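Below are two complexes that have subunit A in common, paired first with subunit B and then with subunit C.
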Partner chain A sequence: MNNHEMLSTGQTPISIDALERMLSNMTDAEIIDRHYNKDQKVTLLYIETLINPERLNESVIEPLNRGLHDSIYDAISSTKVSEISTMEEAEVALMRGCVILHDPSQSQWWSVLIESSLSRAIESSETETILYGPKDSFSEQLEQNITMIRRRLPLTTLKAERFTVGSTSKTPVVMMYIEGLTNPEFVDTARSKIIEIDFDLFLDSSHLAAFMEDHTHSVFPQYQQTDRPDTCAYALDIGKLTILVGNTPFALIAPITFFHLFQSPEDYINRWLVASFLRIIRYLSFFLSLILIPLYVALSTHHYQMIPMQILFVLLESRSKLPFSPFWEALLMLITLEIIKEASLRMPSKSGQTLGVIGGIVIGEATVSAGFSSTVLIVLVGISAIASFLVPNYLVTKSNTLIQFGFLVLSSFLGLLGIVLGIIGVLAHLNSLTSLKQPYFAPLAPFYWRGWMDVFIRGPLKYMKSRPEYLHPLQRWRYGRRR
Partner chain B sequence: MKRNYCVSLLVLSGVFILITGCAPFVENNRIEEIAPVIFWSIDQGEEGRLSICTLVPPLVKEKKRLLTQNVHLLKEGGKLFNLIYYRELKLGQLRMLLVNEEVAKQGLNSLINTLFIDPEVSPRLYLVIIKGDFEAYIQNQLDKQPNLDYFLYRMFKHYEEKHQGEMSIVNLHTFMKNLHTPLSVPFLPVFKAGKESFTYEGTAFFRHDAMIATASGIDDQIMQLLSNDHYLRLLPIPSLSVTVGHIRSKVRIKLADSSAAVNVELYGRVEEYRGDKDILDHAEATELNDQIQTYLEKHTLELLQKMQRWKVDPLEIGRHTMTPFTKPMSDEAWLEKWQQLKFDVNYDIDIQPFVEKK
Partner chain C sequence: MKAISLYNKTSAFNGIYIVFLVNRLQMLYFVLLQATFLVYPHMIWAIVAVGALSQINLILVSKCFSSELLLKGYQGYVELFGKQGVRILAGIGLLFLIVKIIVTVLGYMEMVHYFVFPSMDSNWLILSVLLLGYYVAAKGMDNTIRYVSIVFLCTFWMIGLVFPFFFPPIASIYDLFPLVPTSWTFQSWKGVLLIWSSLSGPEYLLVLLPWLGKQQKSLKYLSIGNAISVAEYLLLFIAAILFFGSHYLDKSKFPVKSMIRYLQSPIFERIDILMVSLHIFLVVFAFSIFMLMFYGGLRIVMGRSLQPGKLTGFVISLIALTAVMIILNEWIWKGYTGTNMLLELQIWLGALTYLLVPSFFLLAIKRKERLKL
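Moving on, here comes the complex of A and B:
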């Protein structure tokens, strides 16, 4: 690209003065002049906190010192060399961890990628723990994360498109999908959504999800966040796409349905009967955690007739001297529980036990003996809290709490009718949601009867011959012979 | 657009509330402020009134006291209770209605209808006929058994769930069904209340809604075998020094113009024997079997003849007159015929001795 062409595209031609101005007041920026073949001068520019000094010596400095080649390009022993000509290219290269080389005799500029591989080791997932199965999880290193997926899916059709989002963070984003399997409509939609993003800072994949989701004001996550490469590989194989974001271990999977949030990688490791049982328990627990406390409020405020007499006996005894109405009592306890839950996340892990003692024993026991709460409610709050953690997706657990508060208000005003209206509302809302423009409540609505094998139960793997119909994969059968 | 959406949401919510029959204005049912009544006892009051009593507070470990009101109307009693007690008494958990024998003889229709049409009252309400002074019994037991009302409820529930033949436990729904079914006779359990005791007495039979008579002792046991449960956990026959247990029966009735043959197949085992026979001996065991058979045949015939005199047919023999293409016989016509019937009662007994003979 010559200077005239650059001016017409609004780009600035690269120059040593402009680069020096750009790197002024940056203590970690280095500009070094070296001599090559005694008479040739070479200028090296780089940011030392972003590059690997050992590789700089091996790939650039030592070859230049030896001077065995005629040109600088031939001397550099790296495959990641590219010629640059504009200031914009130079800025991007420097910030990615490149060394820029200037050859004044040829008026040429080269960038050599020798980024620092600063990363933590591959550890097991803390958010989606499983007993059996692969233990590795993503780290903040994007390339490493891609490698982990590629090792599980060694296919040339596994495409990885790279984007950069964030005007200040310049966060690298990689969208992965299997060409010829994933529905191209999903790929086009996701690509256009990423390209359209115009914002400054992206520190986590959830920031990206916030810009890509179809319904901003919903409490339900429309992208599955996971740090497990096996989950990503499975998702890619059944026809979904995975979006990896730089500097965060959490990848996004889309399109998802409500039912995907209840699936755990361990489902496919356990025996199918056990896995199905556990999955049903998860759904029941989710439902239980939503309605248990509102049910207590509804029954003890409006429908005393419906309480079995044996339970009424216990309930009357425990509520007879309380100062608060069932609604305020439940609200107080739920807010206390949320405070404890939030505190346990924020506190250093060594203080966790203390918090457990204070939260569980002191507050639980003390509220009952002080007469602020009934023992029945304490038991229900405990069951409800534990039940809410059975959902493998932590974001659902959080949205669950918010819905529970809504149900609580409804049950206080309208009793059981309120809870029923609330459930209808939630189901209607779920039915209206979409993830990457695909229905969120599939395969129930729209109904795909073949999807039953991997929704409420997890059928035997060898019978799960076809990929989910609602994902409209280009290759329907999972068995090679039947394609 | 958004406004239309909100309006339709409001209309829909309104429709949901209205079509489910839910009143938008609900009563205060907060459980710590109410006293859900478990039982009402109804006795003959002064000057033709009703004497209603209940125990308060129900289900709570507080000092109990008996509330009694003399009223003309049932719900009037409920209202007056509220005026003298600090918690509002609610009928939503009413589980037992104990009616005095004298009141039951005058007819239960008005009392039962009042409770049946109350949407708060569940049809799983046990109806019990009381002989004697139940109020005195409760008053006497206040300090000894504070949760007596709850334990009585548990007793009725226990015997209702598994038909064990001990008692004829009947709830409001079953009573109403029998009352309004042609050729059917409602019946209720009868308990005798003394100052210190509350004892099961037998089964009371009703003509329409009025109590006619009570079958007690062996009559009640035969009634359980032939009609109510078709099972008896234990049947002691002191005159033969034997207790037969786990008895199951199959009853076949053949109705002719002027006679009815009642054939009963009985299976059971001897649970206890204190007589002189060696029941391990086949001949003597057969003799005992024959004696039991004769005993049951005699008492069954006597019971049936009593029922004829009482003009009640709790065994629903009248249903055997029904044929597919003819008009059913009216209750009156059947009762006319019922009184004229000659009975032939036959038992076919298979009772195992408790030790297998080798």
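Moving on, here comes the complex of A and C:
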């Protein structure tokens, strides 16, 4: 690109003075002059905290010292060399961990990528733990994450499109999909959504999801966040997209349905009957965690007649000396539970035991002894709290809490009818949601009977011959050869 | 004011949606009263016979399903009846629709009041259901139609609760006799009319055709929906006969829900409260889909169907409908003893729309086709 072309595109031609100005007041920036073939001067510019010094020596300094080649380009022993000509390119290259080389004799500028890899070891997932199956999980290193997926899906049709988001964070984003399998409509929608993003900072994939989701004001996550490469590989194989974001171990999967959030990688490892049973238990737990406490309020406030006599005696005895109405009693206990849950996340891990003692003994036992809460409610709160953790996706668990409070208010006003009205409202909301413009509540609404094989139950793998219809994959059958 | 897109067509619906829509619209409210009107065991044959008649009527509905004109929506109606004709027909349709909405909501909320909250002012119950119905309707026609599959799955299983009534000691086989009528009274004819009116609902699918799209096997899906409804009618009626017996059946105001009261479970007593609450799913769905039809019809009457809908218009029509509903509840529904005027009116109007609308549309389509030739 010549100077005239650069000016017409609004770009600044690269110069040593401009680079020196750009790197001024940066203690980690280095500008070094070296000599090549004794008479040729070479200027090296880099940011030492972003590059790997050993690779700098191996790939650039030593070859230059040896001076065995006529040109600098031939001398550099790296495949990641590219010529640059503008200040904008130079800035991007320096910030990616490149060394910029200036050859004044030829008036050429080169960038050599020798970034330092600040990577931790591959560890097992902490958010989606499983007993059997692959243990590796993503790290903050984007390239490493791509490798983990590529090793599981060694296909040339597995495409990886790179984008940069964030005007200040310059976060790299990679969208992966299987060409010829994933519906191109999803790819186009996701691509245009990423390109349209105009914001400064993206520190996590959830920030990206917030800009890409179709419904900003919903409590339900519309992108599945996972740090498991096997989950991503499975999603890609059935026709979804995976979006990897730099400097975060969490990838985004889309389009998803509400029911995907209840699926665990272990479902496909267990025997199908066991997996189906566990999946049903998960749905049941989710439902219980939503309605158990509101049901207690509804029954003890409005519908005493629905409680069998023996249970009613227990409840009356338990509540006889309480100063609060069932609603206030439940509300206080739920808020206390949320405080404990939040504290357990924020506290240092070594204080976890203390929290367990305080939460379990002090709050549980003492509130009953002090007459602030009934034993029945303590039991129900405990069941509800444990049940909420059965959902593999933590984001759903948090949404769950908010809905539970809504149901609590409804149950105090309208009893059982209030809970049912709340459920109708939540289902209507779920029915109207979309993920990457695709229905969120499929295969229930829209109704795809065949998709049920992997929703409430996990059918035998060999019978799950087709990819989900609601994902509209270009290759319907999962077998290479139809049987 | 913000424009709203309630009538967008973004989804394609397969035939199963016709089954769900037909069945759930036929299971709305009258089915819960049927046993009180039918009373005698020989009315089992009446259910079967009217069900068969309904099937014949559905053949006419299915013929309308294959019409390209009705698939076009408003433009198609204009081609069929002319602009002025469509406005007049929409106006008449609105009257039928509003009575159906009012009777369904007020009737069911009376049941909720009776079984769940006898001490609460029924206006609050009505208001809460209407608000939820507005929320569902505000999601648009596409989403509301899609919601029927959730409604079906959440309510269909309730029919299973009547099975214990088919077995001793509750069931007494002698209550099922005589199966051959010994006399045929005015009450029997009224029962037949009620069954026919209960089966009404599929005629409203004709205005949903632009969303449902062209269906290759519409008659098959309409027939399945109708057959399921007739089977459910039979199960409910026979269970009520076996439980109450003919002599006591007409003494019960809401026989189906009353007999559920006698079911026992180790966790809940009074399962009827749970069932009455769950049936609200159906009422909210029906209200929201009829509400969307009502607002669409209102826009046609006012000559604004081609302009983008405004949130103001939708909200005003919601407020007006709520006010009408509460006034009618206060003036007519609350104070009646026995069958009230609105209920009686809806029995006749429902029967009339189901009888006339499919034939009327089919005749109009055939006439148009003949004119084209």
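In this section, the second predicted complex is superposed on the first by the 482 of 483 C-alpha atoms of A that agree within 3 Å, B and C clash if a C-alpha of one lies under 4 Å from a C-alpha of the other, contacts with A are read in each partner's own complex, and residues count from 1 in each chain.
Rule of thumb we're sticking to: a residue touches a chain if its C-beta (ideal position, glycine included) is under 8 Å from a C-beta of that chain, and two chains touch if they have at least 3 such contacts.
In this text, all values refer to a predicted model and were calculated from it rather than measured experimentally.
Steric overlap between subunit B and subunit C is present once the structures are superposed on subunit A. By the touch criterion stated above, A:W272 is placed in contact with neither subunit B nor subunit C. In the overlay built on the shared chain, the residue A:P326 is in contact with subunit B alone; subunit C does not reach it. Contact with subunit C, but none with subunit B, is seen for A:S432 once the two complexes are overlaid on the shared chain. Once the two complexes are laid over each other on the shared chain, residue contacts for A:E317 go to subunit B alone; subunit C is not touched. In the superposition on chain A, A:S300 makes contact with subunit B only, not with subunit C.
In the superposition on chain A, A:L421 makes contact with both subunit B and subunit C. After overlaying the two complexes on the shared chain, residue contacts for A:P446 are found with subunit C alone; subunit B is out of touch. Looking at the shared chain after the overlay, A:F258 reaches neither subunit B nor subunit C.
Residues 302-303, 305, 307, 414-415, 417, 421 of subunit A touch subunit B in one complex and subunit C in the other.
The touching residues of subunit A, when paired with subunit B in their complex, are 300-305, 307, 309, 312-313, 315-317, 319-322, 325-326, 414-415, 417, 421. Residue ranges of subunit C in contact with subunit A, taken from their complex: 11, 13-14, 16-17, 20, 112, 116-117, 125, 128-129, 132, 135-136, 139-140, 143, 146-147, 149-150, 153-154, 266-270, 273-274, 277-278, 280-281, 284. Taken together, the subunit A residues at the contact with subunit C in this complex read 302-303, 305-308, 414-421, 424-425, 427-428, 431-432, 439, 441, 444-447, 449.
Across the complex, subunit A is touched by residues 13, 16-17, 20, 22, 26, 29-32, 34, 36, 38, 59-62, 90, 92-93, 95, 120, 122, 150, 153 of subunit B.
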